[in-house]
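Report on one structure; see the data block that follows.
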Amino acid sequence: MSLNLLASDWIADQNKSALSAHQTDLEHALEQLDRRGIDGRAVIDTLAAFSVAVPSWALGTGGTRFGRFPLGGEPRTIEEKLADCAVINRLTRANRTVSLHIPWDNPDDPQALVEYAKGLELGFDAMNSNTFQDQPGQVQSYKFGSLCHTDKAVRDQAIAHNLDVIALGEKLGSDQITIWLADGSSFPGQMDIRGAFERTESSLVEIYQKMPGDYTMFLEHKPYEPAFYMTVIQDWGSSYLMASRLGGRAQCLVDLGHHLPNSNIEQVVSRLLMADKLGGFHFNDSKYGDDDITTGSIKPYQLFLVFVELAAGQQVGGPFQDKLAFMIDASHNLKDPIEDLLQSTDAITLALAQSLVLNRSALSDAQQNNDVTQAQELLHAAYRLDVRPLVAEARLRNGGALSPIEAYRASNYRRQIIEERGTEGGAAGL
Amino acid sequence: MSLNLLASDWIADQNKSALSAHQTDLEHALEQLDRRGIDGRAVIDTLAAFSVAVPSWALGTGGTRFGRFPLGGEPRTIEEKLADCAVINRLTRANRTVSLHIPWDNPDDPQALVEYAKGLELGFDAMNSNTFQDQPGQVQSYKFGSLCHTDKAVRDQAIAHNLDVIALGEKLGSDQITIWLADGSSFPGQMDIRGAFERTESSLVEIYQKMPGDYTMFLEHKPYEPAFYMTVIQDWGSSYLMASRLGGRAQCLVDLGHHLPNSNIEQVVSRLLMADKLGGFHFNDSKYGDDDITTGSIKPYQLFLVFVELAAGQQVGGPFQDKLAFMIDASHNLKDPIEDLLQSTDAITLALAQSLVLNRSALSDAQQNNDVTQAQELLHAAYRLDVRPLVAEARLRNGGALSPIEAYRASNYRRQIIEERGTEGGAAGL
Amino acid sequence: MSLNLLASDWIADQNKSALSAHQTDLEHALEQLDRRGIDGRAVIDTLAAFSVAVPSWALGTGGTRFGRFPLGGEPRTIEEKLADCAVINRLTRANRTVSLHIPWDNPDDPQALVEYAKGLELGFDAMNSNTFQDQPGQVQSYKFGSLCHTDKAVRDQAIAHNLDVIALGEKLGSDQITIWLADGSSFPGQMDIRGAFERTESSLVEIYQKMPGDYTMFLEHKPYEPAFYMTVIQDWGSSYLMASRLGGRAQCLVDLGHHLPNSNIEQVVSRLLMADKLGGFHFNDSKYGDDDITTGSIKPYQLFLVFVELAAGQQVGGPFQDKLAFMIDASHNLKDPIEDLLQSTDAITLALAQSLVLNRSALSDAQQNNDVTQAQELLHAAYRLDVRPLVAEARLRNGGALSPIEAYRASNYRRQIIEERGTEGGAAGL
Amino acid sequence: MSLNLLASDWIADQNKSALSAHQTDLEHALEQLDRRGIDGRAVIDTLAAFSVAVPSWALGTGGTRFGRFPLGGEPRTIEEKLADCAVINRLTRANRTVSLHIPWDNPDDPQALVEYAKGLELGFDAMNSNTFQDQPGQVQSYKFGSLCHTDKAVRDQAIAHNLDVIALGEKLGSDQITIWLADGSSFPGQMDIRGAFERTESSLVEIYQKMPGDYTMFLEHKPYEPAFYMTVIQDWGSSYLMASRLGGRAQCLVDLGHHLPNSNIEQVVSRLLMADKLGGFHFNDSKYGDDDITTGSIKPYQLFLVFVELAAGQQVGGPFQDKLAFMIDASHNLKDPIEDLLQSTDAITLALAQSLVLNRSALSDAQQNNDVTQAQELLHAAYRLDVRPLVAEARLRNGGALSPIEAYRASNYRRQIIEERGTEGGAAGL
């Protein structure tokens, strides 16, 4: 089976040729940090403990409204999706969990799936429900909304689906559900703005009350979809309002791409953390809208600033914000999805590393004294430092690859799965 | 004195020539409404009772960062500002109150000012404090913020100023204070995002607690000012969060220009109304940012949609949302400020009229049945109806002018105040 | 056949009940125009001569990235698409041509299609080529671009396709081709920005040179697609540059939805008209991006301002800008596509009517004298006038329906085609 | 005099303590480049030859619409402005020219000013005219525009002013004039969109024709100012159109802040370079609009991408794009202007350095093969490299400071000029 290609020994072997240059770069990075009074080894500890989930639907080629341009070798089953996730994690050792999407990933035998995943050293992260598509044989249509629908029968169907996903999650060892709604309207007047929120609230209350006691519900806001005039949970304000009305186990989830132009996203993160309502974060990048392209490919400095907020109050050396659910939520139209996820994971871990080498006490002093120049100097000192050796060292220590993309290409994994799976489109669902 | 020019008799005289055409248009409008089963007379009743405040600072020529191009005749004192406001109200009879800005409008003798205003048939609306400028002789500087400042001495000065404004408001018969803060930062890192909010909160708590029991505090959010990276109360979410923490007499105020590109402002209005936190609305229009240009000059349909939300649950024929504070918040760089305010008042009243002729029960049915086409037909049926005769009739009934701008130009008021006041800039403060 | 339902007699019959109210409204509108010295009858002449093309792909249910929610009765063949277009035109008499999209609409027998269309009183407008999708059996893939591709073989295939479309257009009586390219890249660095433009240019030169002498090529710019970092022809500047390099028969086409946030689209129209490079206009509306929703549903005042520019220099009473290609380019996800197109046509014709009742000589005087208030008064006087009776009269005179949507619903056409065509999705291509 | 503080010896002395760490970092950087086959010494050569102009108006505290919060020590005369510029250049050795703004910087004796500047090792860059403010005693007002005005007398005054600035430039050794116009309108209808462009064109033609044969005219576009509805030269398309109509010595100038939300600015740079119309670039940064804050403080990756385009076709080791006029165009509301300009210069030079260490031939291969992953890897390999040692080495070699801001603070220059010049506002003009 293809995965044998990426066994630990093989990866260690791949690392050999670059090891000496890595050591030189690492020592230099540690020396630079030492000069600034920062414990680089503790930073590596935190990096080595960090993990960001991969969504099951990200392994296939994404699509635009004009159709898909398939790559070949796309996974046809949930098992094949997990195999691809395992490849990524073997290379990075920073993607230890997978986020499933139901019904796309509905397993016949949940327990068998848990065992299979365990064999791949993978766990299950937050479950995702889907009430934005009509499935074959579905009784009620979500054309005009799901949890917000004017017809109680449609709402009931959507509520039942979410409860099914939660029940499945329990069997898989997940204790979180992410509810993203495409509920909204395309035209002024189409929907009673207030009524739609209130109906959604009553639907969520029902799900919340039936959720097991250790389960957390994440609400994900989004200002618009193509062709929309409004969505029901359009921004962090509505998300916060809804989560507050539901209770302590309802939390807000922020997706980097779900904001109006020019939004200050790091400030949204700060507000939700302050209000004790930040539950998780979805990573991607974008230039115009919710483009879902590779994290860090467009605005890497913004990503750093987001991590500066996410890591506020963080003790370097300890585990990073272990209560937050982190996931890559991107689409892969042009790149090999595995390469794309490797690049995203790298960018995320680099931004985390930059936030960890920030001299926070000096920054706090500069803020207190309104020394604006110095505050910027400190941010840039962290951001411009080449932290790639720290991230590579964390991977190395965990048994991952020094250069994940090079190793992946060397493995010929894609060629092999094309042979196994064929060139037709897969089971992404989208 | 110039105001004699615009006495009731004179206005009635001005109206004569257009009266017959007005009657024809009015009858036709009423007939059209009648066909649709809408009581046009009740609509006129609501329009006749409506009033929107004029801010004292709007009577002078506004400025851009390049300087001002004064018009001449600008008011030099608060009394002259009120005189101009009285002119506007005599023409429209829909601008019965004035919103003062302190310290720009600090009166020597508040009681005398009340009497003076009464003589002009004007009252006082919400008071506005100012902690975004340094005044001559001021001990602490607001360069790095006011209620959010890292230095307690600066915060105390800003708190004291707000309490002074409230005390003055009490003397003037106002029971509302609008707090708009330019507090924020220009660069990432400059300000502790969370700390700035929490310091602002503690400052506001102090003001709130010392506020008389019948006083209401309005918080006005804004995403950015030129050269800003963030503001402390950047959106309705932060405004709502802050107002919730303060208590029931803290309310949110929405300004049409204080939003990111593409924001759905009518939805913000709906959310705050639902959460019982909408306190008031500031009218203006804009194409790019917070342009503060004439209301209705760029996006009149959006203005209508805002009124559809503002008037949700409204009984046509009764007074319009009498708990909400309405104000025109615009700047007048090119037009004669009086003409500009006449145009804004007209656009606001027209949008209100359009929202009142909307067939809400039919709309509600269309929404319930997801009849999207029909919902749009109903909105457009209200919006495209020519409601100008209804608004003109409401003015006429109140003793105002059929054509306020024509009457104003005929009065030669501007020429006369140029003679009295000169051509130099006035006391706008900005 | 279903079309019998909408014969002239039947429509005339439908109009009867509303005729008297229409006459009243029309007389009032004409009287109002008369008071302002505007010849309303001449306006109706221009309105009655106006037509905007319907695109063949607009008759099916559109889709979002989550899939389609089909309506039922969607056309399965080009003949069924034309039948639906004919229904629209019978109701409006302002949609006399259809714009085909190849290969979606490739006819077996072009001559037979021409005859069939003629029988439906329809002609063919600009042809549209498609190099943004891979068709089954296609040798080269457009995954990484078409006319801009780095591989000459791909470019050649795309050039050949465009020449095929032109050849087909000749047979159908069309003398225009609209080239919209999804060519672009998703990531910085992916594409040589300059090289991509230059390769596109060389491809277009080849098409241009082989185009028949009476043929016109329209280039349609667009700043982004979902998941894009850049497009090759991103704005009117690039479109103008390209069209200039090609020659006089290359023209720019403006689509209302293809602009960055806050763009001043009417100014783009003015610039291209000045440079003699405006070839046509695609109508739709949007709140956030290229939403392709019903024209006039979001920003009707902007639509009016666009028409003020489109009609600059226009003689009222004559045909409207007969050299420009007008098309509705919208997608219909929620509404019945026929109702949606009826609403769009109505909004477009109303905006044209508003632009025709504008007192241009008075506006010109106000502009010359920098009388900003008066310029706005004049625009609003035209915009706020209820011109619906003029548009209805133009329809009536041409044999169309007074209330197209009511008549359409009364006809039960949708119910009948659902019976004939079934409820499965159609041949929209998207 | 204050400048003595920053003599070469003193700077060399300041550098001593950090020299050893710098050498270590530099060697490591060169080793890393060497591994990638890039000649780091040649990169340093190009960096050492690079210079970006400082505008004379940037040395004072900027202002917002609420007023200025002066810093103290602001220059009161053009000589004091030049002194501050000299301080910056002594520290960076990368700001060798100053860009003057007339009338703010009108010298009594141009020849004496040239001598004075020479003594400070400074030259004069592009001159800037000002027709966006009314100056005391000015006959015609620019309230309603300057080169676009409807009144020929106003246009003539503006034309004469530009010719005066050109004549002065000749005396000062400048051969470039930058014309930025605030000409535009605040409301739809206020201005004839086309007429305004054509009047501007005829005014520019007159200036162009009277310009000396070796002079170049830069046109700077901008989409909006606060309170605007449109500007006459709103985007690169209009700028290009205008420059094309004028002739070869009219060029377009791009300012990083003069774009609509989400604009792809690097693409604009590429287009103008391709069309042989890019004349220069103004550096700053912004989050929302034309914020004019420190370059690189918000979007450093975008700055890198702009330099990737600016340096396209560039031979590393030679002088950088010596035909382009580079200037920092920022405003300094909160930071010490000198510190702000030091940070901007640093960010600009770093972005240049990153663009120079990009492996362009490998990138070109990846582009040719549509290897999207690899193209991004190459961009990031250049961007994430810590090039600060290269930039520091270039400064060091030229006699500048290793750490310009630390050296500046150590010099106590600000304290000294506060003593000399006082704490009142200066002569910035804005």
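Per-chain residue numbering starts at 1, and chain names A, B, C and D are given in the order in which the chains are listed.
Criterion: contacts are C-beta pairs under 8 Å (C-beta built on N, C-alpha and C of every residue); 3 or more make two chains touch, one makes a residue touch a chain.
Everything quoted here is computed from the prediction, not taken from an experiment.
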Furthest chain, CA centroid comparison against subunit C: D
Pair sharing more residue contacts (C-beta pairs) when A-B is set against B-D: A-B
Where subunit B and subunit D are represented by their mean Cα positions, the distance between them in whole Å: 40
Computed distance of Cα centres, subunit B from subunit A, in Å: 43
Subunit D: positions in contact with at least two other chains: 143-144, 186-188, 190, 223-224, 229, 261-262, 264, 287-288, 294, 297-298, 334, 370, 372, 376
Interfacial residue positions of subunit D with respect to subunit C in the complex: 143-144, 150, 185-195, 197-198, 223-224, 229-230, 234-238, 240-241, 260-264, 266-268, 270-271, 273-275, 305, 308-309, 312, 363-364, 366-370, 372, 375-376, 378-379
Touching residues on subunit D, where the partner in the complex is subunit B: 62-67, 69, 132-134, 141-144, 182, 186-188, 190, 223-229, 261, 287-294, 297-298, 331, 333-334, 430
Interfacial residue positions of subunit B with respect to subunit C in the complex: 21, 24-25, 28, 31-32, 35, 261-262, 264, 287-288, 294, 296-301, 334-336, 339-340, 343, 350, 372-373, 376-377, 380, 383-386, 388, 405
